[in-house]
Amino acid sequence: MSKEKPLVSIIMGSDSDLPVMRSAMDVLDKFGISYEVKVSSAHRTLDRTVEYTRTLDKRGLKIIIAGAGGSAHLPGVAAAATILPVIGVPLASSPLKGLDALMSIVQMPGGVPVGCMGIGESGAANAALLAVRILALEDDKIKKLLIKYIEDMSKKVVEKDKQLQQQITKK
Amino acid sequence: MSKEKPLVSIIMGSDSDLPVMRSAMDVLDKFGISYEVKVSSAHRTLDRTVEYTRTLDKRGLKIIIAGAGGSAHLPGVAAAATILPVIGVPLASSPLKGLDALMSIVQMPGGVPVGCMGIGESGAANAALLAVRILALEDDKIKKLLIKYIEDMSKKVVEKDKQLQQQITKK
Amino acid sequence: MSKEKPLVSIIMGSDSDLPVMRSAMDVLDKFGISYEVKVSSAHRTLDRTVEYTRTLDKRGLKIIIAGAGGSAHLPGVAAAATILPVIGVPLASSPLKGLDALMSIVQMPGGVPVGCMGIGESGAANAALLAVRILALEDDKIKKLLIKYIEDMSKKVVEKDKQLQQQITKK
Amino acid sequence: MSKEKPLVSIIMGSDSDLPVMRSAMDVLDKFGISYEVKVSSAHRTLDRTVEYTRTLDKRGLKIIIAGAGGSAHLPGVAAAATILPVIGVPLASSPLKGLDALMSIVQMPGGVPVGCMGIGESGAANAALLAVRILALEDDKIKKLLIKYIEDMSKKVVEKDKQLQQQITKK
Amino acid sequence: MSKEKPLVSIIMGSDSDLPVMRSAMDVLDKFGISYEVKVSSAHRTLDRTVEYTRTLDKRGLKIIIAGAGGSAHLPGVAAAATILPVIGVPLASSPLKGLDALMSIVQMPGGVPVGCMGIGESGAANAALLAVRILALEDDKIKKLLIKYIEDMSKKVVEKDKQLQQQITKK
Amino acid sequence: MSKEKPLVSIIMGSDSDLPVMRSAMDVLDKFGISYEVKVSSAHRTLDRTVEYTRTLDKRGLKIIIAGAGGSAHLPGVAAAATILPVIGVPLASSPLKGLDALMSIVQMPGGVPVGCMGIGESGAANAALLAVRILALEDDKIKKLLIKYIEDMSKKVVEKDKQLQQQITKK
Amino acid sequence: MSKEKPLVSIIMGSDSDLPVMRSAMDVLDKFGISYEVKVSSAHRTLDRTVEYTRTLDKRGLKIIIAGAGGSAHLPGVAAAATILPVIGVPLASSPLKGLDALMSIVQMPGGVPVGCMGIGESGAANAALLAVRILALEDDKIKKLLIKYIEDMSKKVVEKDKQLQQQITKK
Amino acid sequence: MSKEKPLVSIIMGSDSDLPVMRSAMDVLDKFGISYEVKVSSAHRTLDRTVEYTRTLDKRGLKIIIAGAGGSAHLPGVAAAATILPVIGVPLASSPLKGLDALMSIVQMPGGVPVGCMGIGESGAANAALLAVRILALEDDKIKKLLIKYIEDMSKKVVEKDKQLQQQITKK
């Protein structure tokens, strides 16, 4: 994690969500984007979550990533307490495998938007990448890294394909 | 609505939810239980909802009924802001017909309970009836009315059956 | 389990449901609320379940918690046989992972309310906590414990957050 | 409805279910199988439903058809109170369009079987036809009518096809 | 398996379904009801399945139990090829955990009934128990065994409850 | 409908499915591909459906399009009775809005493939278009028409866009 | 629509999606944010959609809002062709009422993020509001308008509540 | 894999999909049908996927099999870029177990057909078998092998049944 002033806040209701949300942190690390991580529950520490969220805009943070499972209220509560863009990550922590969290996050009422990602780790990584895309709008360094990231991702697919072709030919 | 000090608070995020939530009001009226109704959104007026909910215990109210559709956060936010029992009513106001609201309300994390009812009008009526059952624990007048209500409900089924039998015999 | 006169009845259809329902027992134990546990099936021992449920009000119990999986009829049958408030816990004991039990419990017809909790262990714990909230309405000792429980829960989140911040700083 | 001693009992929780359950009555009428119809709720008149169901075997009835919507407990409660075969019909009376009733009826625990039909009118008709198939096992008159019914059904498809071919050729 | 003339045919599309369907066999064994088991697919051996099903009525069998997963057509195809009552068991053999099989079996069109059971082993056991209930209509020996089976099942619940009470008291 | 030897067979279980399946006929008409339409049920006229399907390969037809709702067995039964490619169209004719038919058609067991389309009219149209793509593999006239069809479809989108731009500019 | 250089591109696959997507346009109009609207399909005009999307970054647009129903590929294809943030709106245009579109849009693979909104009109409005939140990060005029918008939304709830209270008091 | 000119292209977005898609390769190998395998993502390498797909018709390939999980856009994008028939295989690679991929693949808009298979391995095998059925239309050698394949499949069922009968008799 960069020591600079953080631009992104990653919130989760419980530290048990950390292993999944780490995918978001890993992506931001790759882009050298500083972030802060907060364990704060929409239910168990509602006031603290609201107060914390309220500080973010003033403290210069730009984007909130909130991960939650079950009745996943954290992203929606954050969106209600800030004017910053909020990105929600549904976690598959209940027997319904994240379908509950997905519906809780994505079906926000008109007026209070949350950008919902896919369930679990790839959703957490994509939350960070959406943050990167947003930050790249005004930061050419990030933009260049993003273009490179996308190219590398593309190259990796091509590389995997090449390996597969060799594997098949050898047989 | 009775003029007495209210015992139940019925909250909804939008006045468009009123026609469905009226089923709860009608039931409480039948039992002579005073209540107050509040339009306050978990998203559009988060602080106000939290502050309002916080007053309820001190003001002597005993039960909160909260109806919400889509990413239905209102019952959960209320439950996080009070120690009173909260009863949630999922509303079928989105294309997913209340399945989204049901999941948002029922899958609360351990520690912050919401008693979830069925979707829509019969759920709203049942929310009031669960409130009645709770209040009947310490109020013999309500308890007697509840016993009568259940008997009447039962009699109505028997009456409907009698009508059906006559209808069939006549044919 | 306290030796006092029980206030809560925890019913389940099979002793295989005990490991999940124990979460409810643990919560009640924490609050010193005495309860009784009953294995009685809505299907295999219908009469016994109805008769047992009928005694609860007279015997001074106040709340029923019923856990069931699949075609989860136990909470509804209990609600039909008593005037006490009934809290239902859907169990994930079938291949549909509790979605079936959730629908069976939550979609009760108007007139016979069941307060439905989330699926599985956290739902069972919350069932007990909703019982605690109801009992706290008339019992200041329980109310004080409830306020403390909620504060402790909140402190634990703050503590976890502190640990996370240290962990991150050390890196 | 035949005036003979009834062989089939058609139960429903509310007379509002009658229009759908009439499909079952119509089928039994076609086969000259006498039946009785009962409005009795698993929730609002639990005892009466159980008592009524208990008489059926002794009174010589052979099959129970039970229709229910939402938390559809009627077929399961009937199956728990009798040794007769019970056929359940999920009704689409809630916003979930019968998916809730289907899960409540079909996912019965081992030991207490209910044969679940499709949702709504065609399910109700099929409930009667399954009853016919069961009664045909020991009644040659019904068996002959069943064979004819199936042949007629088949002929009707062939006839419809013929009409379609003519329609197409004319064009 | 009894050596007598079989009364029930248990069909499955693949021998991989045998472990689940064995629950049905075990139940019939307990009742001394003779049965035959057939591996025959609605898709891979359609003609054979139809021909086999056609023989059952003439050969004196009375009930067909058909288990199938995925696009579970076996029960429906059997029902189309016989006048005997058909009981379907959805198997959780695909990633959709039997929801697909359930819908394929239960939503039969009007005219061709299949009595659908719950998903998996308890559904298979219940299929056999529904067959027992049907056969008990005309066989007093089976009827007595069925009454005893239900009583034993009930006693087992009571016994488990007793054990639980002792366990709790000891603590 | 072209008077030539038919290449495609469109089967449906009931003439009530005709309005939806007509979308398939309309597409084939546009391509001048001759087809035949058959009302034949997998359940009500199983033998006839199997026999009819068996003739298709010998009679020179190349593709089968089968539309069905609910427990939609028709495409699967057709696929079991032929070596021709079978395309299935789930119909939204039950309260479950085609989700049942979709699962019944798409989840075929390994060995007997059915190419499943989307639910309802656009699915029926696409069934015909998949048939067109298959027939275009060996028929240059159809291939040219297909390329033109795709170009026209594309042009229509561009045209609609142009209209939209003008509409917006005028305002 | 403002005559200034557009900042947001609203894409939809068909002009039949316009009535729903207009909610997004209305929101942007309120904020004086210029946008362009494009009818371009991910399937019928894939190249055109890709090419169009590719120009957006260079032409100075900052955010893409893409609405789509059924197999809703438009947002994902746009996200694959640009480095701009993409917001997807699932439309309820199929019998599955947008559940299909929701899953198609939200479950993007790691690497290519789409911020998914709720189904239908309120989702479209929220897409625009998320765009506003993003643009407000670097534009104080928009930020002020956003703060006012949120305040007005909040006031409207309070106003509605006041009206409700008067209505109730009058009775 | 045959060294001949390939007739089928098997595309997947990631080499992690290979173990499932190998079922398709195995089937084609059995029929001596040459194919090529390509790792190319609809999202990470959109242009490459479109360009690759565009070559297939000209290079003489006849059928495309595309496997994808989550927001499974690969089959739809392929179908938009070619006039060849496209067969889609939903993969159970997300917590939603392939239900998301199924909906993304099957609900294609009118005009751009994809033949959707079942989820996972048996779906992949069936994709190859549908390709075989299509190729058999114009290739008598493949047709003969297909007839034999179907006969063998049928024989295997009969053989499994024989083994089961012996197993039962021995007991």
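Chains: A, B, C, D, E, F, G and H, in written order; residue numbering restarts at 1 for each.
Throughout what follows, a contact is a pair of C-beta atoms (placed from the backbone, for glycine too) under 8 Å apart; a residue touches a chain by one contact, two chains touch by 3 or more.
Just so it is clear, the model here is predicted, and its values are computed rather than measured.
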Result of counting contacting C-beta pairs for C-D and A-H, higher pair: C-D
Same-interface partner of A-C, chosen from the options C-D, A-H or A-B, over half of the pairs matching: A-H
Centroid distance [mean C-alpha coordinates] between chain H and chain D, Å: 42
Chain centre separation in whole Å, for chain H relative to chain F (CA means): 19
Whole-Å separation of chain centres (CA-atom averages), chain C against chain H: 48
Distance from chain E to chain C - Cα centre to Cα centre, in angstrom: 34
Chain F: positions in contact with at least two other chains: 13-14, 41, 44, 70-71, 94, 96-97, 99, 106-109, 111-112, 114, 118-119, 122, 150, 153
Touching chain combinations (by label order): A-B, A-C, A-G, A-H, B-C, B-D, B-G, C-D, C-E, D-E, D-F, E-F, E-H, F-G, F-H, G-H
Contacting residues of chain F [partner chain E, same complex]: 13-14, 41-44, 46-47, 50, 69-73, 76-77, 79-81, 94, 96, 99-101, 103-109, 111-112, 114
List of chain C residues in touch with chain B within their complex: 23, 62, 83-87, 102, 106-119, 121-122, 125-127, 129-130, 133-134, 136-138, 143, 146-147, 150, 153
List of chain E residues in touch with chain C within their complex: 92, 97-99, 118-120, 122, 150, 153-154, 156-158, 160-161, 163-165, 168, 171
Touching residues (chain side chain A, partner chain C) in the complex: 1, 13-15, 18, 37-41, 44-45, 48, 70-71, 94-97
